[in-house]
Each structure stands twice: as C-alpha cells, then as structure tokens.
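Chain naming follows the written order as A, B, C, D and E, and within any one chain the residues start at number 1.
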Amino acid sequence: MSKRIEINDLDVYYGAFKAVEGVSLEIEPRSVTAFIGPSGCGKSTVLRTINRMHEVIAGAYVDGEILLDGANLYGSGVDPVNVRRQIGMVFQRPNPFPTMTIRENVLAGVLLNNRRMSKGDQDDLVERSLRGANLWNEVKDRLGIPGSGLSGGQQQRLCIARAIAVSPDVLLMDEPCSALDPISTLAIEDLIEELKQEYTIVIVTHNMQQASRVSDKTAFFNIAGTGKPGKLIEYDETTRIFSNPSVQSTEDYVSGRFG
Amino acid sequence: MTTTISAPRQAQNPLTAGQLPRWSPWATLLAALLVGAAVAGLIAGASGAQFSIVTTAVIGFVLYLVAITVVSQLIEGGRKATDRFVTGLVTGAFLLALIPLVSLVVTVVANGLARFDLEFFTYSMRNVVGEGGGVLHAIVGTLLVTLWAAIISVPVGIFTAIYLVEYGKGKLAKAITFFVDVMTGIPSIVAGLFAYALFALFFGEGVRSGIGGAVALSLLMIPTVVRSTEEMLKLVPNDLREASLALGVPKWLTIAKVVLPTALAGIVTGVTLAVARVIGETAPLLIIAGFTTNMNYNVFDGRMMTLPVFAYNQYVSPGVQEQAYFDRAWAAALILILIVMILNIVARLIAHFFAPKAGR
Amino acid sequence: MTTAAPAATTRASAPNRPADVIFKAVSTTAGVLILIALAGVAIFLVAQAVPAIIGPLPDDDSFWAWVWPLTFGTLWSAFLAMVMAVPMAIAIALFITHFAPRRLASILGYAIDLLAAIPSVIYGLWGIAVLAPFMQPAYAWLAENLGWIPLFSPPASGTGRTILTAAIVLAVMVLPIITALCREIFLQTPRLNEEASLALGATRWEMIRMAVLPHGRSGIIASSILGLGRALGETMAVAMVLASAGAVTFVVVGSQNPSTIAANIALRFPEAHGITVNMLIGSGLVLFAITLLVNAISRWIIAKTTVDGGR
Amino acid sequence: ANESGADEAAPEGSQAAGSSLSGDLAGAGASSMGAAQEAWIAGFQTENPDVNVTYDPAGSGAGREQFIAGGVSFAGSDAYLKDEELEGEFGACVPDTLPVDLPVYISPIAVIFNVEGVDSLNMDASTIAKIFSGQITSWDDPAIAEQNEGVELPATPIQPVHRSDDSGTTENFTEYLAATAAADWTEGVFETWPSSVYSTSEGAQGTSGVVDAVSNGTGTIGYADASRAGDLGTVALKVGEEYVPFTADAAAAAVDASPRVEGRHEGDIAVELDRTTTEAGVYPLVLISYAIACSEYQDAEAGELVKAYLSYVASEEGQAAGQENAGNAPISDELRDEILAVVDSIQ
Amino acid sequence: MSKRIEINDLDVYYGAFKAVEGVSLEIEPRSVTAFIGPSGCGKSTVLRTINRMHEVIAGAYVDGEILLDGANLYGSGVDPVNVRRQIGMVFQRPNPFPTMTIRENVLAGVLLNNRRMSKGDQDDLVERSLRGANLWNEVKDRLGIPGSGLSGGQQQRLCIARAIAVSPDVLLMDEPCSALDPISTLAIEDLIEELKQEYTIVIVTHNMQQASRVSDKTAFFNIAGTGKPGKLIEYDETTRIFSNPSVQSTEDYVSGRFG
C-alpha cells in the first residue's frame, strides 16, 4: 500500500511570487516525516504539491518533479484526480462535510465519486476505516448523526477515517492537531503511530515536541524574510535534527532561540 | 454586587466617570412622550382638530433625542452623547419603517377578511355576476405561472452563479456580473412587452398564455436568483471543496455533491425571495397572460388568470355592487401575501432541515 | 495576478474529464444565456424605438422632447425615494445587526423582508386608500407655512397623491431590498476590525464608524443601486398612486406632478396604437439606458472607493 | 366548484340542454364595458355551458388593435372604427369585408364631487367647464351658488380630478363641454388630458382612480361612469331650462335623440351624439361603447359564436343583466331591432 | 503609567458553558506575564476579561472581580469603554483598519477622545507611537499608504503602535506573533522588552520558547477535556515554571510531553 516519494528540485509559485525554492528530498514508505519551520516558510505549500492540491489555488504552479514510486506526478497526461485518490490529505481544521452523517462522511470518497458498492461492503468499509482512525468505539452507536456533531478531536479522526477509506498510498497531514485540545492531540498521535504500519505519512507541525514524538525523519524549512522564498534547510533523522543538527539555524529553531 | 460597599468604592473608582443609570433612556422617553402628548393636546384644543397621535410621536421622539443627548453630554461627555443620539436615531428609524408595514398588513387583513370564505377558495369567477364567486382559477394560475417561472429561472440562475463562483474569472464573468445587475433594473412592464413580442413572433398576434407570463417573470427573477445563489456559494468554506478534491473527487462532482448541498438552505431562501419578488407582478401578466374568469390548467394554451391581475381588475372595473368587487380584490391580495408567507415558512423549514448542522 | 507563466513549467497538463467539461459548459451556457436574453430585450427595445426616434410624431414634437419630462419624473421620484430609503435602510440594518437584541433582531428582520413580498398593486391600493389621505393635511400645512421653499410651492394637492407620496411608496418598496443586503454586509464586517476599535475604547457608534461603515461602503452603494433599479422601474404602484401630469417641476406637494417612464407606459399602453406604441417602448429603452448607466457609474464608484485590502 | 357543466347558478328555464354551441370566444377592449361584459358572459355561458367567453378589459385602443391583428374575435370600444382603420386589413374577417360597429353599451357619465354635506348640485356646462379649466377655484363661487339656492357651500378650494390614462370617458366629457360651453372650454376634445392645459386639475388612473381620488380628497370633483358614483355627490346638468340628474332612461333617450354618423358602410351603426340637445328629460353626457365584429368571419365557427353572443348581448335579457351588474342604460327597442338585424347577418 | 492587576476567583461563561473556573492571580506593574497552555484551555478568554472585551461576544459573562490598582473593573457603574481605553489590546492576527492610512491607523484611538488635536501634536504622537513600536524607520516615508499595504509583521507592529498611542496602562497581547515569520517575531519580542519599561504587559503564547524569552512570570492553564472548564494550574516566576515547576502537568507540558 505505502509508497516512496521523491521530490526533485521543486520550486512552487503563487502567480509571480516564488513561495518555495529548490526542495529535494526522499521519503521512505511506511515512515512518518515531519515538516517543521517558522510560519510562512512553505511547509503547507510543499505538502500540497505532493498531491497537486495547490492547483486548486488560482495561479499556483510548480517547477520540478515529484515521483511516486518512480512515476512523475507532474508527467503529462497525469490526472490530478487520480493522484489525489492515491495520496490522501488531512487538513489543519477538521472539515467533515456538514450535510452528511458520520457514515456518509466516511463513505464520502466512494459516494461522491458515484461508485456503486453494496450495503454490506459499505458497512465493512465504514467499520474498517473508523477502526483504523481509532474512532469506531466512540461512534459506532450513532453513525447516523451529522459529522459536525462530534467534538473537534473526533471530527479530526473522522476526517482521517474519511481519508483512509479510499485506501490511499500516502497520507498528508497539515497541522492536524493545532486546533485540538491535548487529549485529542494525544489520540491522534497514537493513531499516526499505528497508521505508519500501512501508509507513508507526511505531517506538518508547528509543535516541535510533536515532531520529535511522532516522526522518523524531520525536514526543517526556513525563510529569509517576508517576500523571500522558503527553502529546505535540513532533512535528517528526527533524533539527529533535535539533538545534533548540522545547520546553525536548525539548531536555533529547535532549541527555541527563534520562531 | 453588594450595595453596601459600592458607594464608597465608586467614589474612588476612577473607571466610573459619569454614567447615566440604566433606566434613564426609558424615563426620558416616557417624559418626552408625555410632553409630546400635552403639546398635541394643546394644538388639538387650539385648532379644534382631533388629538393627533402622530404629532405626539413626532414631538416626543424629537424631544427624546434632544433630551437624552443634552443630558448625556452634560454627565457622560460628548462621545457618549453621540452614541446615545445615534442609538435613538437608529431605533427610531426602525420603528418608523415598521409603521408602513403594520399599516399595510392591517389594511390588507381588515379588508381581505370579508371574503375569506370557503366559496372564495373553491369557485372560479365563471358565470359569476356581482357578489360571490372565488379565485380558485387565479390561485391556480398564479401557482402555475410562478412555478414555470421558477422552472425556467432557477436552473439558469443557479448554473450562472456556479459559473461565476467556481469557474468564471475573466471578462465574461465580469460582463455577466454587470449585466445581471442591469437586469434587476428592467421594468416589469418592459419584460411583459418583450415576452409578448417574443411569443407573437412565433404564435402570431394576440397570443396569450401562462407560459408567456412565466417567461416575462423569469426575466425579473433570474437576477435575484443569481445574486443570492452567488452569495451563498461564496459562503461555502473552501475547506469543504478542498476536502472533497483531496479525496480524488472531480470538480464537477465536488460542486454538485458538496458545494450545492451545503449551500442548499441559503439557495432555497434566495429562490423564495426571488419568487416573492415576482409573484405579485401585475403589469407583465396583464399584457401576456391575459384575463379570464375561467379555470385554465394549461399554461401553454389560453388565457390564464393570476391573483395580482385579478385583484387589479376587480379594483379597476367593478360593477354596481362595488363592495363585492373590492372585497374580492383585497381578499385576493391577502391570499397572495399568505402564499408568500407560506413559501417563506416552507423555505425556512427546508433551510432548517438541510442547513449544515452546527458543531457541538 | 495574471502574470504569464514561465514557459517550461508544468502548469496545466491534466487531461480534461468529459463530465467536468460538460458541467463547466452548462454553467457557462447559463451565464451566456442571460447575456443573450438581455441582448434580446435590448434589440427588441431598439427595434421598436427607432420609428419613434426618427419620427415624425403626432404632435410634431421630437421624441426627446416628449420623453424628457418622463425621464425627469423617473429620476426625480427615484431620487426622492432613495433619499428616504437609503439612510433608513442603513439605520435599520444597523439596528438589526448591532443594536437590537439578537433574538428580536432576526424576527424583525423577517418582518422587514416581508415588505419585499407585497405585490405592487397592493402598494398602489394602500397608497391611494391610506397613505395619500394621511399625507394630504401635511402637504396642505407645508404649502401654507413653508410655501416659500420651492419644493413646497402652493397650491397643495387636494388628494395627497403627489410625487412625494409616490416616492414614499417607492421608498417603502425598496427598503427591504437595501436593508436585506446591508444587513448581510454589516454582519460580515471582520470581527477583528470591530474588536480592534472596541479595544481602543470606542463606543458602539464609534466602532460602527471606524469599522462597520468603511467596510460596508461598497456594499451599501451596490445595494442602493439594486434598490434604485427597482425604484426606477416600478410600474403599477406609481401608476395607481401618482397624480401624474407630465410636468417638469420640483414641487412635491402639488397637483401637477411629473410622470415616470414605467408608469406612463402602463397608463398609455392600453389605448396606444401605431407610432404611440413605438414612443412608449422607446421610453422603455431610455429607462433601460438609465439603468445601464447607473450600474456602470456605481461600479466605477465602488472600484474607486474600495481600498485594496491585500498586502 | 362553479366550473362544472351543470351550473347551480343557472336561472330556471334556461335552454342549457338545447344549446349545441361549443368553443372558445375571445374579446378585448374598453374597460368601461368590463362589468357589463362580465354579466353578458355569465348569462351567455349559462345558456351555453360548453362555451368559454373571455373579455379582456385592456382598453378600447388595445381592443381595436387586437381585433385588427386578429388576436380576438370581437372588440369593445368607446369609439367606432376610424376611417383610416377601415382601410386596413382585419385579421379575423374575410378579406375585403368590413367589420361593423354596434352600440350595445350606453352609460351616463356622472360628474361626481366630494363636499361635506352636499349630495347633489345643479350646474350648467359652462360652470363645469370653468371648474375643470381652473377659472372657478372655490366651492362658494357665486357661479355655483346662484344655481343652487339653499345649499350651504363651503369656502374650500376646488380640486378637479381627471383621468390620467387615455380614456373614452374623457373624450365624451370633453366633447360635451366643447359642444355646450365652447367659450369656457377652449382646448377642444381630447382623449388624453394634455399636461400643458388646465393644470389645476389632477390626474388619476382609471375610473377607480378618479373615484378614489374624489372620495379620499377634500373639495374634489371628477367625472366617471355613473355606475361608480356610489355615495358621492353628483351634478344635475342644465339641459334647456331644466336640471337633469343622470338616469338610465335619460341616457338612453340621449342616444335615441341623436343622429347616425353619415357615410358609414352598410350594417355599421355609428352614433353621432347630440350634446347640445334641449329636449326635456335627456341627459346628454353619455358614453356609447360599441361591440365591433366582422360581418364575415374566416373561421365560420367563430362567426357563429360571435353571432350568438352578440344576439344575447343586444337582447332584452342581456341588456337587463348588464344594467343589473354594470348600471348601464338598456338600449331602446328600436335600436335593439336595428342591431339584431345586423347581428343576424354576421357569417 | 503602568498598573497592577489583581484577578480574584474569576469564572468565565459563554452562555451556559463555563469556559474558565476559579482563576486568581496578581500581576505586577512594569512586568511581562505570559499565559501558556494547550489549545482551548481559556488563555484568550481570561485575557479578554481583563479589558472586558469578552462582553463583545453574545452571552459571555464573568463571575468574580478584576482590580486595576484596586479599582474593580466590574464594579457597578464602570463603563467598559473607559476600561478599554486604559487597557489596550493586540490581537493574534494583525488587524489594521483597511480603509485607513498608516497615520490614520495610529491616530484612530486618540482622535476618538480628542478631536481637536493640532496637526503638530498629531505628527508628534504618530512618530512617538511608531518609534515605540519600532516601526518608524520603516514607514516614515509612506505614512499615507493604507495600513493593509504593509507586511504581516509590520502590520502587527502598526497595531501595537495604535494601541500604545492612546497611552494605556496595560497592554494585552493574544499570540501576537503566531501569524508572523521569525524575523518579525524577533522584532516584536525586542519591542516587548522595551515596552515593559512603561507598561504592564500580559501576553498569551503557544510558543514556550517565546514565553521563556520574554516573560518575567508565567501562568500555566490547563483543561481536563473538551467541555470542561479551563483552570489556572500554576503561576510563578518564568524561570521556575520552566526549570522546576511544582505541578506535574506543568512539567509535562513545558517539557513537551503533551500539548
């Protein structure tokens, strides 16, 4: 299921503005990679290019390539819709579909694509996904209530269940815990630990403790100033980044001297 | 909250610089109204005219504004005084706006109730002379014509709004936005003349039909539908679009299955407003839908009576038993308003059941 | 931001899905359909108006001389209506969004919305039966005591069905349109800006002046234009209420009032034949042109007064 | 509930069972006839349950226009067809046949006023002309007072009200004044009150508008179809040496006393109203509305329906029904015979 | 100028929901106090009660008292407008008035009280406030451009200039740097250091490094779970909180074991 990602010399533009410059990195399957860095350095931007979600923003485009198990996501003839089906995404703010029940939310990837599936298969999928997102026990008796009736942390796990229900190879998470309270945060961190068995996971976080707790490797991005493009400063084993980074600004950042 | 210590503390509390007590605006208002009543009484006495509530209210209101502003100026300072003045003004404006509303509703209800009977809802005007008769034919006509107007304008309006919000960026979108606004300014009678000219082109002179009326009304309805739907679609959080797209759902399905359902409640409300805007139109229907006393269920053939045309006609050419005609006119107006209210309530119910459920 | 992309980038390589293409095409078509309908109206108006414009007309007048008093009346009545309705609507919208208790506010807002749903014939009936007799004594008083002001030159109308009465009816009719939009706009004032001004120690009114009104300025203009469109084009209510004489006068309390284009069409059309039909539709064209102009001007104003918010 | 064929409103003795007519018949035209047409349609449909008749009171001009274009089978009009109209084509008629004007609706026009405590006044044409032209501006003007001895007239200003739309009523009213008081009424006959003249008078839309303006205003005076005079004060016109209040008989008498328009084609009955008559008991301020129909229809079925309908309209029963609902004056028997003869010849 | 704040047994409610319970603390004049804690624990809520800004939210009310140099902010007859003039506030997202120029933004609060300020005095005040916010040199040549034309960090400093232009006694800051890049963040932290000479400052921050860098004392808030009220867990010298806190959960939080 999980796949390797290779980013080669990636520049990302918002119209005329170059937001990110020269990013290259390789992400192993079945691993958790954390993107850290100060605000505005381009973490989210890079993350979104991995499943071509940046294209949703008018005027955004990339230069460079991203390979998924060797296949270029930006090759000609590649359908972004297919890319996104293989590379799921979880956002900063939980965003269950407000018009759908919990069950429908989990099935959204299937239902919205007009795919036919027997009731039994649907039930299976719902249970499997909700279990996968550690939410099954909490909601199994009220699958029919609206998804927005859950607490923030539950909503976020519902979004994760929704993302994994389409069996992606990769799961991208953009600050999935930043709107959650500490208990929910811990639940999600535990979940990431489990999901790693099956998926390649990339997570953006502002919280360095979280990065050091959940990730195998960490990429540190930085920005020289407002209006300058963000750059990948250092990419290494998480333990190394937090204990003995090779670049001074990484050291400054993780030790809290700025940011 | 204890009264015992508040007095000494207030003396030293630097934060409590002059404030009027909470009841002071009400007291001032009461006093002002009393003075107003006294003055109105004097005027009435002097001129022999009737005591005027209007004079009382006007004098009372002006006095209140002056008094509260001056008192506040003295005790609380200029900024607070301005605040109180504006508060008074704004509230006054609101109450003033309620007057025509209440007057209209009272007039319509008071006059309309006379003929609010079973016969009125079950009879047409076929073979009715003088008293009696009903508006079933006009109710049916209004509902059919409006329904068809909605059938024409709702898809066009919603798809246009979708184009503007989800696709349009360039000159075309700008042009559409501009001309939709221009379209709101088409006088209804011109819409009727246009629809007549259009139908006469195909069906010959003298053509009259419900569908023609529906076309005329669509012209008036579309801009409202576009505008309100556009606003509603803009309110759908981008989060949801992104969530759907990130699941590998194509854009059109995202719009159809995520964006539209989320905005549904708002769109329904907008459509209801648009229907309300046109359901009472008279001038275009007089021209193109025509006039009849008979039942007609077929919008594609023959004259079709509608409530506003009925009300207008009853008012314009009554027979000797005037009152019977006027009663019917007002009752028809009342029914029209009731239909709009029912539509509104239905829209609200739809909005209530389909609205995105608030979290927690 | 429509900067041309550097050539070598992979900006749009996705193959288009048929369903996506169709959906977009349908949406675009709907928009274009509106333009076509409008073009149809314009063509109809022009084609019908041309014989009247090139004349000759029955009274040897030029078309423009004939249409001028009507244009004047249309603009004057709409102007009077807007002078009353816009401040009122802003005040009401402010009352509902910032002054009234919240629960009450939504009910009251609904009540005001209901005004929009009342058919114009009923406004006409109400104007004749209730408003005009109610206003008549006031007009008599104004003409008697303030007659030196040109607006109130005597003699006052004996029935109260003056242009001011018609303008009041129009104002009541457009009020809900403007109010509804202003309400939405005021509600969307960024909380951040409202709180910023309150945190500086602003009173409620000062907060409104600093944050709400500047934010809503373009919206107020836009909604007023929508209302103005309705006021310019209102037909039946004006035809029924106004004692029109086609005069060009600013007096608002007298018997001799200007007529409006739309009301005049309604009054004359039933008995019109031959060139008069062309004249009437020609006046409709003038009204259409006015609406177009008003919208264009308002857009220009909005574009000029809106400070670009972005960085 | 009243739509079904067997109608509870059907008067006893109706020949409903015997009627073989069916189909739709559309007419349009003068609003003055609206209420009368309503009564005629009801009566006719009751006799012929399978027929649907509609009459759109859109206005005389609109009616004639639609009739000429062939949009309706008959028209109602406050004026007979003009010569230039007769030169053109008629959509529903057989080419080169001329349509006919039939005076089926006669109604007095009342001069109505609203002065507190006064129910009726006597006036001669010149006084009325002076009032509407702004030469008399107060109710206690001697010109009014001397014709109304014993009536307490207040010093209120007079507010005349006229029709602001194009109107046959206005045309008849001004024709009366121009014919009988030319010295005081200098602007002649018009259908639309011009904005430049007699500008003390105030416009109002339609008969109802005038009636409302007069009843809601103070010191107002106007003119309207007599059936709408209601509780308002009305004027008795000076005819000869007498003051004649309006009545149905007095109005019908005015028509009988009037000659026909000269030079009309055969079958056409256009009346040249004599406003200046001094005959006793005649009320010369009347309005005639014509039914206009083809003499030969392209569509024979339509011809049959029109023929049947107009026969009913002109019949004693039809005229009585009209009077009951619309307050118009029934046509005299001589006129009826004349009209029915023409109707019978319609093909 | 600066004043002492005393919070006594404060509960804060949003309608029926008790968001914060039993907070008591004393803040010395001319000091910087940091509020830290996981998301949703009520930091912002408590901060806003200090200048009665919570009243702006429908249904929000407090129980308890807050004294400013001994005067109760919630005493009867106290006008919140007066309170807010003495206790300034800076928000998480920079919020200059978009329709006003830089100059007008700075003067916004002052002109409310003192319409008839001479042009010269105004110029003085603008310069003084912008210097105080470390922004003068960057904008002195373009005081007439809209405030929204500045970068995020500059906007935030503009907001601070606007707040100090009315000469408040206390300055409240709710995560003033969380939307800013690292350079702007450092500029604001330096500024706080300077402002402390004149104002009593309370700052909410998610960033523990920032708390330890800028504050003299730190208050740690926590929440037992979603729907429970937030509580003040510990309040002490910043150095103590970060080196040797007396409560276990504080220790857990500052050492990154959760949150």
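Odds and ends about this structure:
Assume contacts are C-beta pairs under 8 Å (C-beta built on N, C-alpha and C of every residue); 3 or more make two chains touch, one makes a residue touch a chain.
For each chain, UniProt lists the protein as follows: A, E = Phosphate ABC transporter ATP-binding protein; B = Phosphate transport system permease protein PstA; C = Phosphate transport system permease protein.
Worth saying up front: this structure is predicted, and the values here are computed from it rather than measured.
Overall, the chain located most centrally, as judged by its C-alpha mean against the mean of all protein C-alpha atoms, is B.
Farthest chain from subunit C (centres taken as the mean of C-alpha atoms): A. Averaged C-alpha coordinates put the centre of subunit C at 46 Å from the centre of subunit E.
Here the CA centre of subunit A is 47 Å from the CA centre of subunit B. With centres defined as mean CA coordinates, subunit E is found 83 Å away from subunit D.
One simple way to say how far apart two chains are is to compare their mean CA positions; for subunit B and subunit D this gives 40 Å. Contacts with at least two other chains are made by residues 81, 151-152 of subunit A.
Each of residues 17, 129, 203, 206, 269 in subunit C touches at least two other chains. Counting partner chains per residue, subunit B shows two or more touched chains at residues 79-80, 250, 253, 315.
Against subunit E, in their complex, subunit B makes its touches with residues 1, 6, 9-10, 12-17, 19, 79-80.
Those residues of subunit B lying in contact with subunit C across their complex are 79-80, 82-83, 86-87, 89-91, 93-94, 96-98, 100-101, 103-104, 107-108, 155-160, 162-164, 166-168, 172-173, 175-176, 178-191, 193-194, 197-198, 219, 222, 226-227, 231, 250-253, 255-256, 273, 276-277, 279-283, 287, 307-308, 311-312, 315, 329-330, 333, 336-337, 340-341, 344.
On subunit B, the positions that touch subunit D within their shared complex are 119, 122-124, 126-130, 133-134, 136, 204-208, 286, 290-295, 302-303, 313, 315-322. Across the complex, subunit C meets subunit E through its residues 102, 190, 192-203, 206, 210-211, 214-215, 217, 307-311. Per the touch definition, subunit A reaches subunit B in the complex via residues 51, 53, 56, 58, 81-86, 88-89, 91, 93, 95, 97-99, 108-109, 111-114, 146, 148-152, 155, 159, 162-163, 166.
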